[in-house]
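Comments concern the structure below.
Letters A, B and C mark the chains as written, and numbering starts fresh at 1 in each.
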Amino acid sequence: MSDAILSLSDVTKQFGSLLASDSVTLDLRPGEIHALIGPNGAGKSTLIKQIAGEIKSDRGDIHFNGQNINALDAVARSRMGLARTFQVSSLMPEFSVLQNVMLARQSVSGKVFRFFKPVLGDKSLVEPAMAQLERVGLADRAQMRAADISHGERRQLEMAVALALEPKAFLLDEPMAGMGPEGSKRLTGFLDGLRGQAPILLVEHDMDAVFALADRISVLVYGRIIATGTVDEIRGNDDVKRAYLGEEA
Amino acid sequence: MFSLFLEQLLNGLQSGVMLFLMASGLTLVFGVMGLINLAHGSLYMIGAFACAAVAAWTGSFWLGLVTSLMAAAIAGALVEMLIIRRLYNRDHLDQVLATFALILIFSEGTRWIFGSFPLFLSVPDFLTGTVILPGGSQYPLFRLAIIVAGLAVAVGLFLLIGKTRLGIRIRAGEADRGMIAALGVDIDRLYTIVFALGAALAGLAGAFVGTTQSVQVGMGEPVLILAFVVIVIGGIGSIKGALVGSLLVGFTDTMGRFLLPHAFATFLDPSSATAIGSALASMLIYIVMALVLFLRPSGLFGATS
Amino acid sequence: MTMNREFLINSILAIALIAVPLIALGMDEPFIITLATKVAIFAMAGVGLNLVLGYGGLVSFGHAAFFGIGGYAAGILASHALNYEPIMESPFLIEGTTQMIVIWIVALIVSALVALVIGAITLRTSGVYFIMITLAFAQMIYYFAISWPAYGGEDGLSIYVRNGFPGINTLDPISFFALCAVMLAIAMVFSAVLIRSRFGLALQGARQNPQRMTAVGIAPFRIRLVAFVISAMITALAGALYADLNRFVSPTMLSWHMSGEIMVFVILGGVGRLFGPLAGAALYIILEHLLGGVWEFWQLPLGVLLLLVVLFARGGLVGVLAGERKHV
């Protein structure tokens, strides 16, 4: 798929005798939400870390935006436009909600090493950051410390930071984690609209969300992709059913 | 020349073995409890002072030695229960500052009790005297005895860690602190024991070295810094690393001080050679440490996360 | 600027720093002026450290290296000038100087270069390794200074006549104090501006969550390295002033005790607070002279105080008085 924004080819990672990623091949096409599912211990987080650049693969190639990014570190990949959210919200607890998003805007603007102009008064950062907060519904929390907001709001902030990066692709690691049914429904609606902005590689356990959102689904079991297809294809796939027998979302 | 070389080699070995006694306690405490303890040097000093005071008072070096072990262990246990315990969950900055505060308290306290003049520990009678080394030079019997004693303690420590139940708990604690608590091991007691064990080793080293040099306030500090260099080189948490690191540092330091001025003297005038040689020698350990960390950022035997 | 408690405390500290030596001048107690000068200089060293320690979250246990580099810059340049001996004759002629401004420039440049090298190596490590390796580098420089005979070695180097500054009689205690106070003020203003800038936001971000920094595309290493270099330069400048205050520089300025003391100023006053180093330095000097005058072993209660602050009063003096911050 030469028009895929992100493509993995034969990506392999071994830890001692444990094969965490076994020749993984998948891709993310423009405008799609591609869900990555699999039982616990399948190796989803290891795969995400390899895509993000946190760990180096033993073998295989990762292409992003037409470029081979094997040699690039996580910072470089982020700057190329790969926005990642974490399964456990990774934010700056002492900063305000607004400051968290402004930091992302600062990175995008490319002007990080500026020493004299006060950052909080900088409209070129504040306004776009507030806009992102409004999109996720956190505008009224802008001045609160990130440590003081609720769990669900932290997940929203995590999303706002990713949006603020104006990425070419989203790498979302269990965004629904810890959200109640109300929050999950809202987030599902939100993600549905998001695919128009940039394609999403969505790692999730919440099967309702997955089946509602995914254009394609890849199933990872023991480090191997055992199936890739549309929602119906995956639902009808015997191997997948076997792998998931008894698995509750 | 050979005999001089052999002497320095033995000095290096002695230095390395004493460093190991210090470093092993330090690395144990960090490995098991995740705590940086700057006051470890003070425990070394307490051991030396206890030995010197009791030996002077009773005339018996052995009584002094036993006292130094007990004094250091008890001081360690008390400090652990009263203060150190509160630091396990704190960040490294807090641990550094709190134990730095302990250094001030111990140093000034010792100065208050004993004054600023050094005490002298005399070598027990049957260990005075010298041994003739191959090559003809004489080497103090006591220093050989320390080397043997230190190596014996090292073997004992390895056996303790490797073969006893306490050892298993220690190794488990290093691997996964939360887990052993969940498994019902009395963490508080384990930590106190580990801390006191480290303290006793430091006190022992203090008593030994105090006999060959002098006993004074602040004697623990250069050793402490070297011990930290050792555990950084060896890998924090690894006793094996502490042994390798100690020997490496002990030999490098001793032989460096001996060889470098000589080496420079081959092409520089004597006073420059001594100046540059000793300057470089004192920096040598740190250069080695920087090199090791550059190649292996977690030390030689450290866990790579 | 909002009128909150921290602002009030800061103002009181600033006013006290100016008022005390002026009162002492009126009462003809030059010794007190010297103490106040010491406070200003130590505060400045702390301002430098606070940048990486308080705001950057990096426990650098080797900042005495930079303090000492500044001090030796003053000592070496002055001694060469006063002895009419050039430092180097070929390939360039470099002579000594007794002009503070030149000395400061040298101190800034040398400390920046040294910090660049040390930082490039040490900032690749983290946690305990970072603490230890910064300590080790400082020790390296310390032992080097002790064994290098040309500049006094262990005995140190005297600066017979305090270096000069245009328009000021630097030997006059109150004038020298004023100079140091102005330098402190510049350092604090610079530090405040830096923290409120984009760079400051990134630095504090790197302290709180390096993983998140990487994920938004900012490399923590580079931010920290720049902060490390800037902080070294400020501390070095303080060191140059200290050497001129005492008209003496010795390896003690490079010792790890000195590193510990600078950390004590910052902690006692309040980590990550703008006026923290000033509060901490003032508290330290007051204790040294009140307690120290009464009891030789005054560092024992200092240790107890430090212990209590670390265990129970994390915010230091400013933190206790001004309360918790709303957000960074």
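Points to keep in mind about this one:
Note that in this section a residue touches a chain if its C-beta (ideal position, glycine included) is under 8 Å from a C-beta of that chain, and two chains touch if they have at least 3 such contacts.
This is a predicted model, so every value here is computed, not measured.
Distances from each chain's CA mean to the overall CA mean are smallest for chain C. Relative to subunit B, the most remote chain by averaged C-alpha coordinates is A.
For this pair, subunit B with subunit C, the centres built from the Cα atoms lie 31 Å apart. A separation of 44 Å divides the Cα centre of subunit A from that of subunit C.
Chain geometry summary: the mean Cα position of subunit A and that of subunit B are 49 Å apart.
Shown for subunit A are the residues that touch two or more other chains, of which there are none. For subunit C, the set of residues touching two or more other chains is empty. Residue ranges on subunit C touching subunit B, taken from their complex, read 53, 59, 61, 121, 124-125, 127-129, 131-133, 135-137, 139-140, 143-144, 146-149, 256, 260, 263-264, 267, 271, 297-300, 302-304, 306-307, 310-311, 314. By the touch criterion stated above, subunit B contacts subunit C in their complex at residues 30, 36, 83, 86, 92-94, 96-98, 100-105, 107-109, 111-112, 221, 225, 228-229, 231-232, 236, 275, 278-279, 282-283, 286-287, 289-290, 293-294, 297-299.
Residues of subunit A touching subunit C in their complex: 52, 74-75, 78-79, 83-84, 86, 90-96, 99, 102-104, 106-108, 111-120, 122, 125, 143-145, 161, 165. Across the interface of their complex, subunit A is touched by residues 193-194, 196-202, 204-205, 208-209, 211-219, 223, 226, 326-328 of subunit C.
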